[in-house]
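Labels for the chains are A, B, C, D and E, by order of writing; each one numbers its residues from 1.
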Amino acid sequence: MAAPIIEIESISKSFGAFQVLDQLSMQVMPGEKLALIGPSGSGKTTILRILMTLERIDGGHIRIEGEELYHMSKNGGLAPADEKHLTKMRQKIGMVFQLFNLFPHMSVLDNVTLAPILTKGVSRADARKRAMELLDMVGMSAKADAMPSQLSGGQKQRVAIARALALSPKIMLFDEVTSALDPELVEEVLNVMRKLAAETDMTMLLVTHEMGFAHDFADRVLFFDRGRIVEEGKPDDIFRHPKQERTQTFLRKIIAAGHRV
Amino acid sequence: MAAPIIEIESISKSFGAFQVLDQLSMQVMPGEKLALIGPSGSGKTTILRILMTLERIDGGHIRIEGEELYHMSKNGGLAPADEKHLTKMRQKIGMVFQLFNLFPHMSVLDNVTLAPILTKGVSRADARKRAMELLDMVGMSAKADAMPSQLSGGQKQRVAIARALALSPKIMLFDEVTSALDPELVEEVLNVMRKLAAETDMTMLLVTHEMGFAHDFADRVLFFDRGRIVEEGKPDDIFRHPKQERTQTFLRKIIAAGHRV
Amino acid sequence: MEWDWNFVWQIFPTLLQGVKITIIATLLGSVLAVFVGLAIALLRRSPNRLVSTTTGFIAEFIRGTPLLVQLYFIFYVLPDIGILLPPLVAGVIGLGLHYGTYTAEVYRAGIDNVPRGQWEAAKACNLTARQTWTRIILPQAIPPMMPALANYFIAMFKETPLLSAITVLELMNQAKSVANTYYRYIEPITLVGVFFLTISLISVVVLRWLEQRYGRIER
Amino acid sequence: QDDAKLEQLRAQGFARVAIANEPPYTAVAADGKVSGAAPDVARVIFQHLGVPDIVASISEYGAMIPGLQAGRFDVVTAGLFMKPERCAAVAYSEPVLCDAEALLVKKGNPKGFKSYGDIAKDTSATVGAPGGGTEEKLALEAGVPRDRVVVVPDGQSGLKMVQDGRIDAYSLPVLSINDLIKKANDPNLEVIAPVEGAPVYCDGAAFKKGDEALRDAFNVELAKLKKSGEFAKIIEPYGFSAAAAMSTTMEKLCAAK
Amino acid sequence: MIDWSGYLSLILQGAVVTVQLTVMGSILALIVAFIAGLGRISRFAILRWLATAYIEFFRGTSIFVQLFFAYFVLPFMGISLTPLQAGVLALGLNVGAYAAEVVRGAILSVGREQYEACTALNLSRWQCMRKVILPQALLVMLPTFGNNAIELLKATSVVSLISLADMTFQANIVRSQTGSTLIPFATILFLYFVFALLISFGVRALERHMARGLDGVRT
């Protein structure tokens, strides 16, 4: 068995007095598609944000491809990571946000080419070529010159996915990428993600309330509650035969509210 | 058969050059529970807003209990309704909004008692008594003194329902009352609405994307597209055996996106 | 005492001299305020607590006290410590410092108004701090600031009469001087009022345009 | 003969006077009390007229005549020298305080000024004067261009500007300059007095046009004061000469060129 | 020997006038701000027009012009005001014009959905304004009103130009009596700053008081 691409070792995180994550540990294998589900406030987003280095951890260790994320070796020992180390590590990770976070003052194409040109020194021409391929993949090449404000939510999110892919990360993080969308637009984004899962061997971490999609998409599902993994397993096991009381209640409520599992 | 409580007769409505409703006609019977479904932008919200007199119509007639809504008889003929006429007609109608629209600077109790005291001249004591009954009905009497900002979305929406009920309208309009809520909180609001449907003989018009709930709740379902009624019928007919191509596509998309029907 | 048109024509050229000084003072003051404001805004964001709080206090002090008194200070007290400024220079420095504390607030609000998601997206794209500022934050923060900045420059323009206290012969001072010479106040003061009103009405139109052009970024 | 205006002043118990806070003409003491030669004379005369007190408001010279016309004061007692244009704008009493003009310059008079004409000739020289005051007009009439006559808001500012080298000379009446330099106690300053070619001026109490009856009543009491010697007792401690004021008349001063 | 305690009391007398002007000016400004602010969004075109004319006029002409007008020109129209009245009138109307826009902006900042909730509850326009919109808008206005009051405080220093014996004016007197520039001006700068701090603390306390249990009204 290969080595895990992400190793999380008893990390903790508090906001003020409120402890969001408490001694959490987990591992993700290369190419694995992982779904994180659980009630609101259980810390799912926080985990993705920590992996993207948008929040710092209070304690514990994270290793990406065996290399420490928040620490670096220095004079034989471990020191807190500096900006340079973080920049290096971030090359391996991409993230797609719930509210897209496109740069509103740039065209679709510029949104996708900006980071490769600035951070990888790719030539403008090469960056454009690759961006058009990616936009094509998400079905947005016709809108390359549009501004984000001219796009629907689903279109924005597909551009955001292309933007994250342009840096060719090994790990992609998706935080409720469809929950800000009108129901009719959800499907077009999920289709892109299905395609992505099928065509690449990227490692993907997905936070979602779309249980049906999580079921079809994920290799493994983690159910979170209050910053802990309450239950994990194959999608069929979690959705059809949850063992824990908490998981059962959660799924019952979600189903009652009209979501298909 | 009794006379319809709402008669809509070939009404039209445009926003600028964009025609939202085109010669729409429909009728609602007293006590009927009606679900309006259809794709985004099809004009569902607009119909409710027109009934609540939040938008004016460009042409056509609406009668509530046989009385013209937007016109009043004057010197033998029909004249556009003035504020006084509208005030009288609005007594028959209540509305619950997608984003609750509670008054944030008043306690829950004050939100519910404000309108009866101001518009019906009910005494403060009587208004409070009735408000507590209603809050009890929606399961919010324990929070009577809380401020809206201290409530969850589901709790806010239940207060909003109590507030609309406090004026004892004959017709209640619900515009996607659960779509701003976290999935876990949807159920508590739907439960209140089920209870309302069972315990009162109010006429209810419901715009929703919760197909499962629409199915269980409604006596009749109208499927809208581009400001027209494409198909209507009993919930079972519409959801299980849609006749129109457009309805079928719509339902297929919604189901694919993970909604139960 | 009634309106005298001949007198108006007689004093018009003198008043125009004042208009020239008023406009020069406003323009120079605005340029200074732009930079002073930027300096204050950046110093207030400094990670060094001493620097940021000291800057904050000084800015609050300047903003909380009258420009007139500050002008007296710059013009009459500073020479005691060997800083002798010509009247117009002292006036421009006074205007620039005073309004710099206002523009600093505009910068701060403009930067704070860029949603947090933009900073985060920039990080997810692995941009450096410098790239984030120049490519993502400032291009979004600056256009919405334009109307607010313009607003303060118009306000500054209307405060230039204060410079008369430090012997700058701007419009108001010219008008007073004319009034003192001929013992007639109505015409000069009315002309000054008409002049300010005209410029203000024009600037309202320009402001509306700025607001439409730069006021909001569509997201 | 009593007129309506005087009746009104008697009824309200005080007269409103405009002053300039330019010692020794007019002054405000640390306790806020108004003094100076001009208000002191006016106070006594109004008492004789049956108006017990005066209430002073401090004003710029330039604002005094417009303020008088706008009815903001009943009389100006501020060392506002009589000049033909002013006589046309207000009704003056007989002369009260007389003084010549002076220049305040740096020690040794580096530019050698003796008259306003000297300042006009030196193209780099600037002179400060109160806005709307006699000195401003004298300088302009002597040919000093407008941009070299700096309008200075008050005496203290003028003194400071000479000390700081902002202006080469500051012009005020002799006694005012003497008072300034006494307070400043600065050995690096020098007074040129009187300025050559500048006339000796006298001020009078200035009334609004139309209040001539009041002015006349004022003149009657002023004449009595001058005769009794009380007048000299009031103004001479301030450094003014009573003889100078008694040697000329309002009519003469207003007719002068 | 200079009688500093006497001069200090002179400055304190001026401080009383400054406080009077600030308080009375603020009250006048508040009243006209609500009248003009509501007029600006009235259904009746004539009220809108009048309010707009007032606001643009007083924002457009400089406060100096307004002061000189109130003091020197109004008497010729038969309106003679004491200097204090003229000062309060000019300051109140000037700042009121700015505050009127604050009132208007705050009312418009209350979301359309609140008006719609009013309609759905069948409240009349006036009931809606009084019970629902204004209480929420007030909280939005308050911080800006605080700033307006500080602007008014600072603007009182210009009344010294119409010989009203405020703090700046008295400082000038002290200066001409004692020959010292630094001491009187440093004293009044300090006093102005203290007054400004008092205003902002007061407003903040009021804001906290009004905002109790109300997080989320301001967005």
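Keep in mind that, in the parts below, contacts are C-beta pairs under 8 Å (C-beta built on N, C-alpha and C of every residue); 3 or more make two chains touch, one makes a residue touch a chain.
Model, not experiment: these values are computed from the prediction.
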Joint neighbours of chain D and chain A, given as chain labels: C
Leader among chain pairs (count of C-beta contacts): C-E
Centre distance in Å when chain C and chain E are each reduced to the mean of their C-alpha atoms: 20
Averaged-CA centre spacing for the pair chain B and chain A, given as whole angstrom: 38
Distance from the mean Cα position of chain C to that of chain B, given in whole angstrom: 53
Interchain centroid distance [CA atoms averaged], chain B/chain D, Å: 83
Touching two or more other chains - residues of chain A: none
Per-residue multi-chain contacts in chain C, two or more chains: 1, 76, 165, 185
Residue numbers of chain D (touch at least two other chains): 63, 66, 153, 160
Interchain contacts, given as pairs of chains that touch: A-B, A-C, B-E, C-D, C-E, D-E
In the complex, chain B residues that touch chain E: 52-54, 83, 87, 90-91, 93-95, 97, 99, 101-105, 114-115, 118-119, 147-150, 163-164, 167
Contact footprint of chain C on chain E as seen in their complex: 56-57, 59-66, 68-69, 72-73, 76, 150, 153-158, 160-161, 168, 171, 181-182, 185, 188-189, 192-193, 196-197
Residue numbers on chain B that touch chain A, as the complex places them: 39-40, 178, 182-184, 186-187, 190, 209-213, 250, 253-260
Residue numbers on chain E that touch chain D, as the complex places them: 3, 6-7, 9-10, 13, 71-73, 75-76, 80, 83, 162-163, 165, 169, 172-173, 175-179, 181
Interface residues, chain D side, partner chain E - complex: 21, 27-32, 57-60, 63, 66-67, 70-72, 153-156, 159-160, 183-184
